[in-house]
Each structure stands twice: as structure tokens, then as C-alpha cells.
Amino acid sequence: MSRPPIPFTDRIARALPQIVVAPSFAAILFFVYGFIAWTGYISMSKSKMLPNYDFVGIRQYWRLFQMDRWSVALENLFIFGFLFIAVAIVIGCLLAVLLDQRIRAEGFIRTIYLYPMAISFIITGTAWKWIMNPSLGLETVVRGWGWESFRFGWTNDETLAVYALVMAAVWQSAGFVMALFLSALRSVDQDIIKAASLDGASPWKIYTRIILPSMRPVFMSAVVILAHLAIKSFDLVVALTGGGPGYASTLPANFMYEMTFRRNEIGVGAASAMVMLATVAAIMVPYLYSELRGKKHV
Amino acid sequence: MASLTIKNAVKRYGNVEVLKGVDIDLEDGEFLVLLGASGCGKSTLLNMIAGLESVTEGEIMIGDRVINDVHPKDRDIAMVFQSYALYPNMSVGKNISFGLEMRGVPKKERDQAVQEVAKMLQMDHLLDRKPSQLSGGQRQRVAMGRALVRRPEVFLFDEPLSNLDAKLRLEMRTEIKRLHKRLNATMVYVTHDQIEALTLADRIAILKDGEVQQLGTPAEIYDRPVNMFVAGLVGSPPMNFIEATVVRTDSGYAAEVMVRAAGADQTVLLDLDAQAADVSDRVGRKIIVGLRPEAITQAGQKAGGDAQSFPSDIDVTEATGADTLCVLHWNGKEVMARVSSGYAQIIEGTMDFAVDMSRASLFDPETEKRLD
Amino acid sequence: MSDHTYSPAQGQSVLWMRLLLWALLILFAIWFLLPAYVVVGTSLKDLEEIRGGSLLALPHELNFSAWKHAWNEACIGVRCTGLEPYFWNSVFMALPAVFISTLLGALTGYALTKFQFRGANMIFALILFGCFVPFQVVILPMAQTLGRLGITNTVYGLILVHSVYGLAFTTLFFRNYYVTIPDELVRAATIDGAGFFTIFRRIILPLSPPIIVVSVIWQFTQIWNDFLFGASFTTGGAQPITVAMNNLVNTTTGVKQYNVDMAAALITAAPTLFVYIVAGRYFVRGLTAGSVKG
Amino acid sequence: MTYFSKALVSAVALTVAMAAPAKADPKAEVLHYWTSGGEAKAVKALQEAFAARGGEWIDAPVAGGGGDAQAAVLRARVLAGDPPAAVQIKGPNIQEWAEAGALADLSDVAEAQNWDAVLPQTIQDIVKYEGNYVAVPVNVHRVDWIWANPEVLAKVGADVPTTWDEFNATADKLLAAGIIPLAHGGQPWQDATVFETVVLGIGGVDFYRKALVDLDMDALGSDTMVAVFDQMRKMRGYVDPDFPGRDWNLATAMVMRGEAAMQIMGDWAKGEFAAAGLEPGKDYVCAPTPSEGGYLLNSDSFAMFNVSGADQVEGQNLLSELILGTEFQETFNLFKGSIPARTDVPRGEFDACAIKSMDDMVAAADGGTLLGSMAHEIAQAGAVRGAFIDVATAHFNSDMSSEEAVEKLVSSIKLAM
């Protein structure tokens, strides 16, 4: 009694999951990791106007970190990233809790909060640029009402421009965070809430002590999604402040674009891209590791 | 219908060995229960039979066909899952007929087969419903129906009753037993519930850490457990394990136990003469005496000459209706005795108990293996 | 969570809480609506009115001429076609790209969760990291690749680009959703004799609408709103609407026509807005169903 | 492929190749960023002339930021091996693209049209690489212009200033009268435009050449440069607070409407005045920014990239011929506000500002005071220009001291070289 050989079609059938994943994975390997590797190499080359493969070591990184514009961009990324994520989560969370109070017209209000997500950063930036324009926008209107000292021309102030970016970005993303939190609130076990209110906990306590802590995974998802938006922010800067005044509100993505395409400094551009990627990896790799480790199959 | 042979089946994930060489022979029409705690490898073994997990080493055969590399759909098996795994998007009828459809059975025959099975399981009125509209028991029936309709050579059950409440579980247990009788099919049934195992099985295989501890009929497993693990797993309340010193007596050997009686520890010698095991070389050393609660009962109850009786203090009693469980203190540990319900009024105090040492199992304290 | 019981003494404070709640809700609604109001309002005014009146003033009358102008009259470079042809460019780019990335994401998510082969988690982590690659990084190597493939400056090039970089997100969505579907369903279907694709088509896909909605909305929004790839990989008549809109806004002849610019912005945003307003409900529901629990 | 079909294919290919030059209709994809005002009209004129000669014009406008976005598209297309036929690039960028081997040789057209005879030497230097023409100059812009609204100036009894002291005095008077002295858009290149005119005015021609063209470190770090930044700080005070992000043509509109008195901008601003139907000398005046006979030159040009296909080559030749033809040079530059790149174009139609520009250019060329603009990528390309702009704009948009700005300038330029 010998084992029959496995039929060819069976072997194919068994390998189907891998076969199906293969093209997608290959595409990602090539278009993400291949390109990252390419950029990594270029960052150590003396590329100027066009890619060039002469190796120069870490010279481009050395130049990068001497550039004022880069330190401003990097600093802005940390300010912008931190504030954007924190404020969007606080407001998103607040809106979710407010909307969770069984109010009338919830669907309508939710749509109002969510719609900015549908709009491109280019349009968001342009619209807020008009509103923040001191002579055209809100500032004149409010001053016209008699509040003479009102200031809203953030985009025109080099110290405030980066906060203008934060505000517009939060405006766009807070609704999405709200949607995430709202859906999580809705899936909290109602029995726990009943038990807590029988124990005499106030609604405020119930939220802060029981419901919100139970939404840690959502919180993490929100942080990850917002972090990716922050790192990738490019269009918003272009449309809202143009990186200005001067280059006071420029972000790394804009820096990279400027160097690569405008200044014939592809090497420095690539180096800045690698630093950005390293920043992302520093945040994401531990997160992915902890997320996926817990879910290994038995 | 067919026999099922498992030869030295090994399963490894990387370096972790989940099954360490399992051998089981199952005859045509036999009902095998795989019993063990979670993580013992019983579900893995079932999945390997089903073809849902690959076999690392060894062979699995249905009839005389090695099926290691045969696709699940070609193994002629059916499986009932713990969560029932009903397709939520399909009606009950579709759920049942899906397997036939996949095998290219014409629609007319499918409908007929579904009707038959539905009648057998008394659910013909449910055929158009979606699984979400069914109760737990009904879902269970659908899951059974889905397996039955294909008339496979081997039925596999993966803890099919554990999501049901106690009453339904009893009902369905009987139902499965009835089905087995009626179809006379080969069945493999995974459970962690020893009562299910004892009631359903022709033979039980007890698994621990990927190894079969004991394979035998329910009676063999119950009466002659090969080690303390098996002894502790089967039976409720579980077997009492009493650590005792072997002493020489006039007639032969005995196990010395301290029994709490009238508030003080009394030495009692449990006679080992009825035991097949040779304990002559263990005099002065410890052994484990395994006594099921029903082997300790009120004095005068047991007519057999083997029974010896002595007084013991009762700490707590638990009436179960049919009989009453008494908690005693032997060797400073709790020991369960089962007395008939007429004595249920006794709440505390001292009573004479009879011990049937012919039903005792002896274990080596080190290896925990049965001494025979 | 309003099913708590309150004593009568609390009645007063409940009322105040309710008022405060509504005040906050309305305040935020104003904040969210302000830009939309400004943009819509301005698009309906004529230039006189814009220069003379305040930004927040209501238009005197509904004047859709700016919309018409933006749609098929305004000049973009030397072509005075309005946004219309570019609108269709975007449609022909977005629909296939959304379809491909969603389908591939669903298949990949399905294969990675329901057939946990060796390295599946590693593959998922590697794919997921693709979400975070700043797109500026890929422009140059992508340009070379598109050139080799001979699809530079075509809609196919953009479809490829968006499908690939959307894949990371769609895989994330579907993977997190499929994790919540019991594996036993797939096992049952396997024993029933269904193959990989049959299970996908007959069992998994019918369970997927909530997450398909999420994926489609997300992808459609991302792809439709993309500017960088569109601006870098296409020129002239092949450009998507976002790029054309930017060109239109920057094509000025003498006076800046704010009303036309605003109308152009609205036309550009209309499809995604429509999707959110109509399907936003399902979007929230879909998030509940899967991606959140990850 | 069989031998036969191979032979067939090559035969066909040969026929096509031989037949093509005679038959192919000229075709050219033109990548440009002329989307605003007079520029848009000018490019339209070129397209019409091209079409009139049977050419198929594929328009590829990339709006925004003086070519910022176009730069990305161009690189993407070149790397993809599919460059547009004609691309609006200029200054040292032409040399760099030529060095990369991306540009086509236009010697044949140039010889046939006798370009050497009609183009000034400065322009020839810009568009030639190793002695061969690789680009076609379209025009010459003068950068160091002041555009003023005479009515507004009259309100404070002032004329267009001829020295920087006068400029400051006039501006202070305007401020006192509640008028914005300087219309300005806060984009880095606009800041740099003002910066270079101040360098030319305060430092003089030689200083400009040393600092901005030759990148002499002593000049860059000198006290003169400190004085330049001092003047820039003053200029900042003459600008209204809304300037960040404003497009240059909106600043020009402020002068037209009388909201502001002056704008420092290249003569493309004239295209805006013209488009609004205003006349030089009457509705607005033009005057060079204060300097000792300096002339900051900016020249737009189209570089012809290496393309395949006879129709595209034909299109490039036709385009080159048209662009440098007297007829187009005249119409185009009338729209655009600039002056022709070739010297033999009839002056009749041009306005006073243009005539002055033409005369000044000849004089400056003779006197050695003709200089390439740094802000507009004639004197410097990419990285160095970027470094200048960075410092100029950072200083202009903050309260950085002049000394600190000079320090930054020196270190940034060193880094970029």
C-alpha cells in the first residue's frame, strides 16, 4: 500500500492562498521596498539634477542636517504631528461622546462632522487660506462686528503658520476620528454600563473610567491613521501656506519635493526621505510588532 | 462506511511538537471520542483527519486509502463544528445543500436529500430561514443536517455540544447516539466533557500533551485508568487520591491512612490483598490509593466481603438527589464519599464508612502510573 | 448612555446639561460648515459682489454662471474646455483603481487570515508598512518604471500607481475585518468541497459589504483627491481633475475670478462629497463591523 | 519571427524612416507654466502660429509657483524616457540638462535662420552648450523695475524714486498718508526678486557680480551685505500685512487699483497692466530700480529635448523657427511685456517701457553692467539659487538681524556649492 502522488491540480489548489497573495506582495516588495532601497542608494550618491549612481557615503546626510530649512521642517513636523494627532483625537472623542447622547438628528449632524474627510487637502487648504486672509476673511468680518483686536491671520504670521496647518488638518480629520470612536462606543457591552450605573457611577465616571479605557485598540488605530496623514502632509502645506511665510511652515515632505525637483539636489532629497522613513519606522515597527505578535495562530 | 487508521501521527509547528505520534485503529461503524483538556492536541488530530491540517509524519487511512495528501473534499468525511459554522448568508436549506452543490449533485436530488435530512432532524419548517433567525439548538440541528446529508464514510464532531445549555446538551447527546445507531457510521468526536465521552463512545482516547494516555472502552477507562491523569479526568466528582504508606499485615499488605474520626486522627489500614498489583517491594514507602467516591459508602450498604468499614468524621454533605456526597478528612485532605440518599439528613458528625478496596486503583507517586 | 435614572432634584441640571450639549454640537457644526459656506456662497456671487461685500454675506441671488464657466468654458492653459474632460479623466482613473485595489485587498486579506500559511503575518506587516511611505519618495523610481512599462502619461499609469499604493490600506481593512469572521466557516466550506475561490465568492464576499463600503469610500476619496501623482505623471489632456483645477485656479487673466475658482473647487469635490453624504452612514457602520476591532 | 518577417519589418521600418521627414505633420508637446494673464495670451499666440503652419500642438501647462510643479513633471517624463518635445526651462538649467545629454542639437535650424547674427552674446551664452544651440530664447525680461501708480505717488507729491534714500523717504510719506508703499506677494521668489534689486542698488554692479554670480565668500560676508539686509528690513515695513502667499499678479493689481503705490517686479508685470487696458506713462509708470546703470536680465527659453519620431523632430524645428521668427518675437513680447531676444525686431509697436528696456540692455551690454538675475535662475541654478532664496525669505519673514542673515548666507551658499 503505497501513497499515491499528490495530483498536480491539488498541489495548485493547496498553494492557491500563496499564489493569490504573491502578485500583491511582489508589487509591494517592488513598489515600496524596491523604491525605498533605490532611494536609500540615491541618498548616498552624488545625484544632483538627475539620479546618478556615484557613491559618496553619508555626505548628503551631513549636508542635510546643516540646512536651516531642514531643521525648521523637522521641528515643524514634530509640532504639527503632535498637536494634530492630540487635538484631532481629543475633539474626535469629544464629538463622539456628544453624539452618543441619543440626540435627535444624529445622522444629519454626523454627516456635517464627517464631510471634510471627503475633501482633498488642496481644497481644504485653499478654503482656509481665504478664511484666514486678514483682509478678505474672517478677521475683517469679526472686526466689522466691533471686536477690533480679533486676529485670525495665522497663515501670515511666521510663528502661527504651523498652527494654521494644525487647525486645517484637524478640521479635516476630526470627523473621521469621531466616526471611529462613535462606532467603538456603539459596540461597548451595554451590560457593563448598566452594572456601573447600578454601582452609582456618574455618566462622566462611566465614560472616563470604563468606556474610554476599553477603546484602546480604536485609540491606537486612530493614532496610526493620523500619524500617516501627518507624515504625508504635503498638499495642505502647498495650498494653505505655501510653506511660508518664508519657509516657516514647511514640512519634511515639502522639503523633499523642493530639493528633489526644484533645486537639483536629488541626493539631499533622497536623504531627507530616508530620514522621514526612519521616523515612520521608529513609530510603526514597535506598534506593528506588538499588534501582530498577539495574534499569532495557535 | 469505512475503518479509520491513524499510524504514528505527528504534528509539528516549527519546533513545537503538538502531536507526538498517535496510533489509533478504528473499526467500521465505531464511535471514538477524543477526550482531553484544551491544548492537548485533540482538535489538531481531528483537523488532521479532516484534512484541515497537514500531517507532519505518519499516516492516516480511511479504509485502506492513505489520505495524508488527499484534499478534504475527497476524503468523504463530514464535520460538525463547535460554533456550527453555518454560512450566515445562506438559508438553512442552502446551508445543508451547499456540500452537495459543490459536488455537482443535480438540483432535484439535492432538494430531495435536504428534505429527507430535514425530516430526520425535525426541522423541515426551518428550511427558508437564515441562521441568525434560529435558536442555538436549531443551529446545532442544521449543522448536523449539513453533515448528514452527504452520507460520508466518517463523521467528525468538534465539541458540537459545548455551546448549548445543559438541557439541550442532554437532548442532543441522545440524538447523536441515536443517529450513530441508525446510520452505523464511523464517528470521531472531540470533547473535553468526560460525561459526553463516557455516554457516547464505543472507545475513548484520552490525550495529554500530544500523546494518547489511554485508548479503551468507557468501562476500561473508568475502572482501570492507566495513570493518575486519566483517573482524575474521568468521573465526577473525580477520583480521590490518597497518599498512603504500604505496611505488612498478617494477611499480606495494607495501606496506612490517617482518618479523622471523632475529632482525632485514627490510623486505618486499607487492605491491599484484593489488588492485582504486587506491592511487596514497596513496604514502608508511599503509594497513591485511588478511590472513586462510590467506592467509599456507608457501612452495611455493601454486601461484598471485601469491604472494610471504619468510622470517619463528615465535614460537609452535598445532596444530589440520587445520592449524597460526603466530604471526609483523610491524611489531612478532603476525600469524597458517595452514600445513598437515605443518609442525606446526616449533616455532620461521625459515621461508619465502608471502603471497597477491590475497586481501588494504585499509582506510583513518582511516575503517577498505575501499579498492576 | 442616557438610560440612567435621575432623581427629581437632578432634573434642573439635566436640562442644563442638555443645553450645553446642544450648544457644543452647534458650535462644532458651525466650525465644520464655515469653509463650505464660504466656498458655496462665493461661488454663487458675481465678482462685483465678492469685492464689495463681506466673505460671510449671503449672495444676493443664486447665480450659477460661475459654475457653468468652470464646468465647460474656463481656460486651462490654452485649452478653454472647462473642467469637464478632466472630470471624466478622473472617473476613468478612479473607478478601475478603486475596483482593483479593493478586490486585491479583499483577496489578500482573505488569504492572509483564513489560510495562515507560514510567514503570513510577516507579509502582512510588510504590506502594512506601505501605508506610510511618503509618496514624494516614489515619484522618480515610479517615473522610470512607468517609462519601462510604456504607460507614462496615460490613465493606465495612474491606475497602476493608485492600485499599488491603495493596496496597503485595503489589505489592512479587509484583513482586520476577516479576522473577526470565524475560521470554522472556511473549514466547513472546505470540507463541503468548496475551493479557495468558491469559498471567497460564496461565503466570504457575501459577508463583506460593510468593509467593502469602507474600502471603496476610502480608496475613492484618496484616489479622486490625489494631486501629487496626477501632477507628476500626467500632462495636458490626460490630467485628473484635481490637477486641472489647480491649473484653472492658477490660470488668471487680469482679475482673479474667485467665484469661478470656488465653483471649480466644488465641482472637483462633488463626487467625493456625494459619496460621503450618501454612504457616510454605512462607512461608520462598516468601521464598527471590522477595522475597529483589530 | 521568421527571417522573412524580420526582413519585412526592417524594410517597412526603413521606408517609414525615409518617408517620414517629407511627410510627417509637425507635432510638439509643449510643457510650460505660462498660465496667467499676458503669458497665457502669449502662449496662445504661439500655438496659433504653430497650428497655422500645420502643426499639432499638445498643450501641457503646469500651473503654479513659477515652474515648481513643472520641474517634477519634467524629471518624471525624462526618467520615463518620454520627454516632452519642448520645455520651458532657462538659465544654467539648460546647461545642466544638456550636460545630462537630454537636449537635442538645434544647429541646423540655427544656421538656416542665422541665429548667431541676431542674438546678443549674453543670450547666446545662455542657450548654447559647447557651441551648439540647444534651446531657443523667447524673450528678455528686465527684473529690476519699479511699477508705480503716478496718481498715488502724486498724493504725497513724489515721483518714482531714483535712489534708495529717496525710495525710503517716499515710502515713509506714503505710510504716513495711509497708503501701502510697496505691493508685494510673500512668495520666496518674490522676496528674492526684491533682494537682488537691493543688492544691485546698494552694492553696485561689481558687488552684485562678485556676490551673486561668482559667489565670492568675502563679498557675501561683507558689511555691504549687512547694509543690503538693513534695507530689506526697511522694505518689510513698507509691505502690508496680508502679503504672505499672495501671487505677484495680485500685487500688481493692487498698484493698478491704487491700493499700493509701487511694486518691484520684472516686466512681466506689464502684461497685467496691458491686459487691464492700461497705458504706460499715463496709468502707470515704469522705472528701473535705483542702481548705477545695472540691468538684471531674465530670459525665457524653450529647450528642445531628445525625442523620437519624425513628426516630433519636425515639430521641434518648426517651433524653433517660429519662436525666433521676428513676427512671433514681436507679438509674443507685446503680450508678455518683455522685449524680443533678437535685436532686429521692429520697435514700432513697443511701448516706452519696452523701448527703454531695449536701449538699456544695449547700453548695459556695452558698459559691462548686464547681469543675470539670481532670483530668476539666470545667474544661478537650483541649489545655490535655493540657498539665496532661503536666506532672503527667512530674513524678510522674521525678525532676524542683518548680521545673522549674512552669517546664514555664507554658510548656506557654502553648503549648496
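Each chain gets a letter, A, B, C and D, in the order it is written, and its residues are counted from 1.
Just so it is clear, a contact is a pair of C-beta atoms (placed from the backbone, for glycine too) under 8 Å apart; a residue touches a chain by one contact, two chains touch by 3 or more.
Here the structure is a predicted model, which means the values were calculated and not measured.
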{"item": "Highest-count interface - the chain pair sharing the most C-beta contacts", "value": "A-C"}
{"item": "Central subunit by CA centre of mass proxy", "value": "A"}
{"item": "Farthest chain relative to chain B (centres taken as mean CA coordinates)", "value": "D"}
{"item": "Chain centre separation in whole Å, for chain D relative to chain B (CA means)", "value": "90"}
{"item": "Between chain C and chain A, distance of the C-alpha-averaged centres to the nearest whole Å", "value": "15"}
{"item": "Geometric centre distance via CA averages, chain D-chain C, whole Å", "value": "39"}
{"item": "Whole-Å gap between the CA centroids of chain B and chain C", "value": "56"}
{"item": "For chain D, residues contacting two or more additional chains", "value": "72, 75, 79"}
{"item": "Per-residue multi-chain contacts in chain C, two or more chains", "value": "139-140, 142, 246, 249"}
{"item": "Touching two or more other chains - residues of chain A", "value": "13, 51, 136, 257, 260"}
{"item": "Touch-based graph of the chains, sorted into line, ring, star, complete or other", "value": "other"}
{"item": "Pairs of chains found to touch, sorted by chain label", "value": "A-B, A-C, A-D, B-C, C-D"}
{"item": "Footprint of chain B on chain C - complex, ascending", "value": "182, 184-185, 187-194, 198, 202-203, 206-207"}
{"item": "Touching residues on chain B, where the partner in the complex is chain A", "value": "59, 64, 66, 68-71"}
{"item": "Parts of chain D lying in touch with chain C, wherever the complex brings them together", "value": "29, 31-32, 35-37, 40-41, 43-44, 47, 57-64, 69, 72-73, 75-77, 79-82, 84, 247, 249-250, 253, 272, 275-276"}
{"item": "In the complex with chain C, residue positions of chain A that touch it", "value": "13, 16-18, 20-21, 23-25, 27-29, 31-36, 38-39, 42, 51, 91, 94-95, 98-103, 107, 109-124, 126-128, 130-131, 136-138, 140-141, 144, 171, 175, 179-180, 182-184, 186-187, 193-194, 197, 203, 206-207, 211, 217-218, 221, 227-228, 231-232, 234-235, 252-253, 256-257, 260, 266, 270, 273, 276-277, 280-281, 284-285, 288-289, 291-292, 295-297"}
{"item": "Chain C residues within the chain D interface of the complex", "value": "75-79, 139-140, 142-144, 146-148, 152-153, 231-233, 235-237, 246-256"}
